[in-house]
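You will see two complexes here that share chain A, one where it goes with chain B and one where it goes with chain C.
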Partner chain A sequence: MTIHSARLLDQLGYGETPIHRLDPRAKTLATLGFILIVVSFPKYDVAPLIPLALYPLAFMILGQIPPGVILKRTLAVSPFAVLVGIFNPLFDTEPMVRIAGLSISGGWVSFASILVRFVLTISAALALVATTSFPRICQGLDALKVPRAFIVQMLFLYRYLFVLVEEALRLRRARDLRRFGRRRGLRPRVAASLIGVLFLRTYERAERVYLAMCARGFDGHVRLARRLRFGWRDAAFVTGTVAACLILRLVPVVHWLGRWGESWL
Partner chain B sequence: MTTAAIEVVDLAYSYPDGTEALRGVSFSVAEGEAVGLVGPNGAGKSTITWLLSGFLTPARGRAVIEGREVRKATLAEVRRRLGVIFQNPDDQLFMPTLFDDVAFGLLNLGGDSADVEPRVVAALRRVGLESERNRFAGHLSAGQKRLAALAAVLVVGPEVLVLDEPTSDLDPRARRRFIEQTAALSQARLIASHDLEMILDLCPRVLLLDQGRVVADGPSVEILADASLIEPHGLEVPYSLRRDHKHRFRLHGTPHEAEHRKWEG
Partner chain C sequence: MHMADALLSPTVGGGFIAASGGLLAYSAWRLGREPDKRRVPLMGVLGAFVFAVMMINFTIPGTGSSGHLVGGMLLAILLGPYAAFLVIASVLVVQSLFFLDGGILALGTNIFNMGVWPCFFGLLIYRAIAGRQSRAWRLWLAAVVSVVVSLELGAVGVVLQTLLSHRTDLPFGRFLALMAGIHLPIALVEGVITATVVQYVRALRPGAVGIGERGMQAAANGAVGGDRLVPVLISFLGLAILTGGVFAQFASSHPDGLEWSLAQTQKGGTDPNAPPVPSWERVQNRLALMPNYDFPRGANEPTPAATETQSPRGPWPEVRVGTSLAGIVGAVLTLAVVCVLAGALYWIRPHRKASL
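Presenting the complex of A and B:
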């Protein structure tokens, strides 16, 4: 993920839609529930998983997230899912279904199931990130009693990540401007000194940041204002999402739909 | 006798590498007074701001803020009364959102969340950033960052402000906004800068510093217009004060001369 791509995802999180305004705890809990339910489906289920795509889709539509943003990032991490599932067809060769005279082994079906689960869970997680600004996610985690040290660490990382990357880009640009096409021979040494300079600047910045914190009364404890209100909307969102997912998990909706379709034909 | 807002007596400081940054500086700033601190690079301007905020310990002499000498024991009390705006707003705004940043000092003073929110909002409203309160500090413009730093300092109600190069990276409009905000303050202000036009705008009185000594202390308009006084110390008469004497002399024989005569009739 390039810096621009990270920044785009980051900026989407500051939108103003009903989904953005939900309490981050509600969104995190609902997404967690969604992921657990998706994962709990039986090994060979493919079709029953499909309706669950409504959750990330609804998130994207109501949160006004361009579908490309989610799709591209899902694809970017898809090799992991392929790697996890690709051996299934090799080990599980028992024929399971026949489609148009072609017999498909259980391995291929479970592989397809893994891919569908992967797309569902990753897109749901991305949709959560794209509709919740990072500070709000941290506020949510703070309210969920995640240790403060972790949260402060993440907040500072987030605050200075872009600053540092920009610093590094400036250094690289300065190097490129005076490299005049020469590449070989120079590289490792120049790279080493760039990294060294970056480290020094970061170190100095850290010191200045620390002094700025002290100037405003920092005493070793970072205090955060609790500003979240878990309202009825948030509660309704969590219970609604989890209930809907549970229904899709426990009731063979797709099966009925298929039967209904058959009777029509 | 009323106490001065800032009282500096025979202040001296040498950096660990032996550089004598200050060699006995004395001055005082009255309540509500705005004083400019000018001088070439390395004159000791920043060292004074570090000493006033207690980050360095003087080798000799003392700094007194609102009747309290700056010492280890008084540091917390001094910093509650002294607001410092550092040169780089990225160092100053270390919390991810504007709200959290402005709340930081208040929470350190022991305010609780319910009490903090209205004060933070009021401070942001004062500098015109109320609508940006949930934004990520890294997404703000340079001008907004400066105003945010001002709000973050003002929110705890300091009686004295020290500003180090507050306009160095601002475009003219952002600079003007910052100047207007700073001019409207009632606190005593010590403003270190190379932006002499801004000093003229904000500070009726100026301290000229060079090689760790106060070279001149008096009305800004007189000192900054005195080329024979300030030029040996690396400064030049600001454009707005140059019009009649020095400016014409400077222009003589330059390609701009004819152009200027035309404009000035």
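Presenting the complex of A and C:
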């Protein structure tokens, strides 16, 4: 994930669709419930996880998120889970599934399961942030009694994130201009002094921000406007999502479908 | 270094969310007790600074690969433990949402691995080595040692959480060696850069180091080793060991809390005469498309009739080719249904241009 795609994701959060208008608390809780249920499936489950893909899909379709964005971002994520999972086929070589004489070991099945989990959890998080602006997520968390100091911290971080990244990119550009095309990367010592300069600029910026806040009557307490209403739509959304996921977790729908399809063949 | 949702079990993920959340609430309360107005914008802007630092890539000597500063220890040294912990936690939240590093459920583990060790443990080491009016070499040594220790502890945390979740088959020893080995050079470079930055800042802006604790009743004045930190740390370590032990117990006897509780409820529901273990296995079989471990292991394919008659347990017969075929047919059919439903949703949604 680059800073560029993070900004794109941020802009998507300010859209106006029925999904965007849902209460941020409802969306956060539903996402968390969804991820918990996905993660609770046994290690060797692959097929039962597939119908759960409907949740992020519905979120993205109704939230009008361009599918290309989602696909590219999901694939571009640094794949720690994939790196760890790829070892499963090496250590778990008991044959598990046989199709037409071809036997597949348990390791490959559990690796496939990790991949499916990875795609589901990542796309659920992506669907949340692409349909909810970060300030609204923070408002929701504030209403859920997350400590105020932490909420204020996240709002400030969000406010200055892109500003400071641009500051860093300016530093980097200045340095690139002065190395006359030499392709070597930064030595740690040069990087450290760039970071030091960046820190001092950041520090001074914080001082200016503080003075500006004082000029506007800042007394140490940050007040947040609270304009959230948890309506029946939101309640229905949370209960519907969690109930549907729980049913898919408890009832072997895919198995039934498979037997039906098999008898039909 | 970021733990991912896909590798976690609900028990481990939830447990660490509780642990990190508790510590977060404690840190927020500690900061709120001494409201230093200046600190509010500084902490926020420094959180953004961490992202800016990631734009400055440097080459790691000897390997030719490039990396960037993670900055946990740097924040701890510059801000003090509680403020730095809040900043790191906020950075991880934004990373999990906008940069998709880690995941939402994995936030607890990530805050624990990358926040707790530098802010509470690493800082203790740093202060013990660096002392008050430290000379340059002591500062360097302190920074490098504390960064290496806290990063390696974080790596060990990732290994333990992964293994407790039972989603991978990596053996403990090899996984640990792999993670510790990968993180050692990274930690050394991070330590050197942290030391250089701290020295640089101290030379140009002596007031900026330890700013987060300025309001904390001159605690920094006398305290070399952070006297107040020790009881917190000890009680916290005790808590961690306790929860770790409980997790391990729980994880070994029942692979996963949710599965276990499901089994409990189902056991109550189905016929009471059945002995507990077969009932549990029946539940497993019903929940899992490809139930664990009891597949014909490389033996000749038994005839369907034989399996049917010998089937030792309840409604679902022993897995054989037919059943795994059923599984795959089911998966394909489900995929088709999902696609059809998604297409239907696409058609019925209000067709308007997304307003950016």
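As a convention for this text, the second predicted complex is superposed on the first by the 236 of 265 C-alpha atoms of A that agree within 3 Å, B and C clash if a C-alpha of one lies under 4 Å from a C-alpha of the other, contacts with A are read in each partner's own complex, and residues count from 1 in each chain.
In this section, a residue touches a chain if its C-beta (ideal position, glycine included) is under 8 Å from a C-beta of that chain, and two chains touch if they have at least 3 such contacts.
Since this is a predicted model, take the numbers as computed values, not measurements.
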First, second, both or neither for A:Ala125, with chain B first and chain C second: second
Partner chain in contact with A:Asp10 - chain B first, chain C second, else both or neither: both
Per-residue contact with chain A, leading partner among chain C and chain B: C
Touching partner for A:Ala53 - first (chain B), second (chain C), both, neither: second
First (chain B), second (chain C), both or neither touched by A:Pro252: second
Touched partner set for A:Tyr158, first chain B, second chain C, both or neither: both
Partner chain(s) touched by A:Phe134 [first = chain B, second = chain C, both, neither]: both
Touching partner for A:Arg216 - first (chain B), second (chain C), both, neither: first
Which of chain B and chain C A:Thr239 touches, first, second, both or neither: neither
Set of chain A residues, in rising order, touched by both chain B and chain C: 10-11, 14, 134, 155-156, 158-159, 163, 205, 209, 213-214, 218-219
Chain A partner contacts - residues on chain C that touch it in the complex: 1-10, 13-14, 24-25, 28-29, 31-32, 35, 37-38, 40-49, 51-53, 55-61, 66, 69, 78, 86-87, 89-91, 93-94, 96-101, 103-105, 162, 166-171, 175, 189, 192-193, 196-197, 200-201, 204-205, 208, 255-256, 258-259, 262, 284, 286-293, 295-298, 301, 321-322, 324-335, 337-338, 341-342, 345-346, 349-350, 352, 354-356
Touch list for chain B against partner chain A, complex: 53, 55, 76, 79-80, 82, 84, 86, 88, 90-92, 94-97, 99-100, 103-105, 107-109, 113, 116-117, 120, 134-139, 152-153, 156
Residues on chain A engaged by chain B in the complex (per definition of touch): 10-11, 14, 133-135, 138, 155-156, 158-159, 162-163, 205, 208-209, 211-219, 223-227
